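Okay, so chain A shows up in both of these, paired with chain B first and chain C after.
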Partner chain A sequence: MVNYPEIDRYSALDSPMHRFDPRAKIIAFLILIFAVVLLPDLKLAFIGFIGAVLFLIASKLPLRFALQHIKWVFLFVVPFIVIMPFTVDGTEIFSFYGLTMTYEGLEYGILVAVRAISAVILVLPMIATTRFDITIKALDRLKMPNMLVQMFMFTYRYIFVFVVEFQRTWRAMVARGFKLKTSLYALKTIGKALGMLFVRSYERGDRVYQALRSRGYTGSPRTLVEFQMHASDYIWAILIIGFAVSLYVIPFAGVS
Partner chain B sequence: MVHISDGILSLPVLAAGWAITIALLAVALWWSKKKGNLEEEIPKLSVMTAAFFVASLIHIPVGPTSAHFILNGLVGVILGIFAFPAIFIGVVLQAVLFQHGGITTIGINTVNMGIPALIAGGIFKAGCGGILSNRNEISAGIFGALVGGLAVVLTVIFTAVALIATSKEAFFEIAIALTIAHIPIIVIEAIVTGSIVVFLLKVKPELIGSI
Partner chain C sequence: MREAITVKNLSYKYPDGTKALENVNMEVQEGERIVIVGPNGAGKTTFMLHLNGTLHGTEGQIEIFGKSVDKMKRAEIVKEVGMVFQDPDDQLFMPTLFDDIAFGPINLGLKEDEVRERVAKAISSLGLSGFEDRAPHHLSFGEKKKASLAAVMAMEPRILVLDEPTANLDPYSRTELIGILNDLNEREGITMVIATHDVNAIPELADRIYALNRTIIETGTPREIFSNGELLEHNKLDVPDVFKLFEVLRCFGFGCEKLPLSLDDAVSGITKVIETEGGHIHLHIHEHTHTEVRKWKDKYGHH
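What follows is the complex of A and B.
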């Protein structure tokens, strides 16, 4: 029914991406993701795609895990590949029953898909190679506003609690004969189950706050993790950012 | 499906999304500081955000496919102005934990879901006075359903506008297809939101009246 977030399931492996300082990793890959997403040309987008795959290989994440996380973006880009060749005006490839497939539409559709998939691939070496709580701490060191950092920490932590809690509610509903269908009755029942989840979370929020207060919580996080930049971190950061910049310099250098 | 992926939108649309998101986050932050009790607000708000996040992971069968809840109308009704930071956290976590939506589109996706949440919350607050005081369940349910449906309608419109603003020529038909595909989701969200509002009115009325 609902699943745990398992993005950092393989964060304990050892690879250059796992050893990469989380702060530098986030900055470098964010720059590269923005660069890849805005590429104007299909050839460059393919170069970006190959780069993304190479960084994924460098992270040594299992292929199955990677594909599981990449597959969702296909659902979003498939309509673009299917619809755009027929709706964008341009050079005709072929036509049948009044539908005209154009070269420009096909090219634009593929460009969108390649950029979207490359970006998702790059998220994996960025996020899946570090324990997620350490990623949040890295965001704190990168001066993200304190309120948001803490919201990330608490929200991430309680997602697991509520997944378990909702699974238990769900099991109880099914045990009493509830069947999930697209019917008014089923939807109303789900509404009540969700309502209960919100009531519980509201009450729990109160208790969490009291418990935190009694342990001396003042609204600012303290972390035990210390980050340190090594020579290899600088090299990787320069490599990734250099790749991002070169995607925009190559066309002007006349290579492509 | 309303989280737009990376690689589709143009730079001006992405930049506008980030600018509006950062501005509204700053307003929410400023507002909560003015109210004073930030260290009390954060844990409570985060726990509620986690509950909404888990609710959004639930998949509901819609004919041959399935859809998942957005519930941004309800977030607006329960959290008020804090709906915006809560939705921002949700959008970021969806993008990094499950790869639903994109990294560069965090800004525009937060706008597309967060502003309708604020509007829905505002309308509910403006219209709920009588409903909450005499605990009229039927009208509360209908009103909740309208607000929940409206939030998704606005979200779909915002998403379509973001696509068309990127390239009217290339994305117009896709925006139309996206809108049509969301009609059943609008109905489902309306029914579920209405049912949750009725439930909360019976069990925990302070949840929908206090903030």
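What follows is the complex of A and C.
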């Protein structure tokens, strides 16, 4: 079988985050993610980070699975940590060969990194604890524009078909001796293969549309789903949003 | 009996100029099982897309239960004509099987409990219980095929159009699907139009065959079509393996009157011969046997 890159692989586990109503979960975590990403202060960002880790632990998602996803963001933010200290003006920590590392730069680089990683950590309890189709339905119930909901739905469905098709093409290429090298020939070949894949996807799009119309599609696929809020859902929502708010209230309360 | 489908002088040209259909005529009675045969590129898929108004002929007319498709509303056609596409991945697009099967009934404007009822019925009649929450990419090809049939059956159409339903199925799933289709035809009187290359399935699936190659070349019962050597040869059509085997047996002196088209036919044919020939079958090799076998080989291009 194919190894699909599935974000909802562990959605069948049981944890407070898994039981959390998907609509409330999305809203509460989105608020917290925005709050964390906009934090201006490193100490607060660390508090946000610790909170994010606690929520991740509460979700009981396997650490390996979580790290897999966090790893990519980490690669993305490393350049900030390296470059920022040398480009932001401020108090000098040390300098060599004309490059000056500043305290402010270092702090800013770490701030960017901590915020980004915290945000990604928070995405996991938000998305990975619900079957993705239910997340999409929750977005629909939250009155997200239907066009976007459909885009999510079709992307979610056909990304897997696309992955399988790409793997098939790739295997066929390898089976005929193709090797991935940084030569013009290799790049051209990959370009052509991708081109074919897009043509095929385009044609599939045509057929999918025909099939949709054959079952009476008029523009908005609707689904049946029941969501119900329980006391625990309100408690978790208040807890998460409360945490987001407190990140901004703490400085004024003179705690820090 | 009523006429379910009437096609008159249908022609279709793709926008790029390919003439896919020319002057196609067809009449299908309610409850009939029609198989369309024809080589790749003969226009089978193109033709079928006309039956539910997905494509509109450049010329000609199609009527469904006496009503012109061109004048029917989308929702009306879709309710009468269910279409099962060749590739289930084209058809299953919802995140879960339940949603996919519910999609059609919801579009028909049914109430929620009615939708749930239809879904439950379609799922159980195709043996898909327990798969409701599965994502399509976690279903096997055979399951996907059944799922796309369930999705169409949930709309309770009176006409079912299937494009190469047995293609790519393993032997078990293939037999199962043929059984399901015949069951639907028998129990619910559903009219069927099936395009297929699977000659061995035709005797079990067809009341009548249409041979298509841009236009209708011939129509008849499976026996009529498979006995028409000239037609088969000219259009590169094949016949069921059982039929071929008994043609060979005939060269060796096996004396059945009708060549069997299916294994069931074969069993009763052999039984009959044994009974009339006094308890055994007699085969022999004479001078003419070799020439006849050679002729037989030539007929099917085996060398």
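Odds and ends about this structure:
Throughout what follows, the second predicted complex is superposed on the first by the 253 of 256 C-alpha atoms of A that agree within 3 Å, B and C clash if a C-alpha of one lies under 4 Å from a C-alpha of the other, contacts with A are read in each partner's own complex, and residues count from 1 in each chain.
As a convention for this text, a residue touches a chain if its C-beta (ideal position, glycine included) is under 8 Å from a C-beta of that chain, and two chains touch if they have at least 3 such contacts.
Bear in mind the structure is a predicted one, so any value in this text is a computation, not a measurement.
Room for both chain B and chain C is found when the two structures are superposed via chain A, with no clash between them. Contacts of A:R204 after superposition: both chain B and chain C are touched.
Judged by the touch definition given at the top, the superposed model places A:R131 against chain C, while chain B stays out of reach.
Annotation for chain A, partner touching more residues between chain B and chain C: B. Once chain A of one complex is fitted onto chain A of the other, the partner contacts of A:Q228 are absent, as it touches neither chain B nor chain C. Once chain A of one complex is fitted onto chain A of the other, the partner contacts of A:G216 are limited to chain C, with no touch recorded for chain B.
Angle at chain A between chain B and chain C, computed from CA centres in the superposed arrangement: 70 degrees, to the nearest 10.
Applying the stated contact rule after C-alpha superposition, one finds that A:V161 touches each of chain B and chain C. This overlay, made by fitting chain A, leaves chain B and chain C with a least C-alpha separation of 9 Å. On chain A, the patch touched by chain B and the patch touched by chain C overlap at residues 2, 132, 153-154, 156-158, 161, 204, 208, 212, 217-218.
Note for the complex: chain C touches chain A at residues 49, 52, 54, 74-75, 78-79, 82-83, 85, 87, 89-96, 99, 102-104, 106-108, 112, 115-116, 133, 135-137, 151-152, 155.
Those residues of chain A that touch chain C in the complex are listed here as 2, 4, 131-133, 136, 153-154, 156-158, 160-161, 164, 204, 207-208, 210-218, 221-224.
Taken in their complex, chain A has these residues touching chain B: 1-3, 5, 7, 30, 33-34, 36-38, 69-70, 72-73, 75-77, 79-80, 83-84, 87-89, 105, 108, 112-120, 123, 127, 132, 135, 145, 147-148, 150-159, 161-163, 166, 180-182, 184, 187-188, 190-192, 194-202, 204-206, 208-209, 212, 217-219. Across the interface of their complex, chain A is touched by residues 1, 4-8, 10-11, 14, 25, 29, 32, 38-40, 42-55, 57-63, 69, 71, 78, 85-86, 88-90, 92-93, 95-100, 102-104, 169-170, 172-174, 177-178, 184, 188, 191-196, 198-200, 203-204, 207 of chain B.
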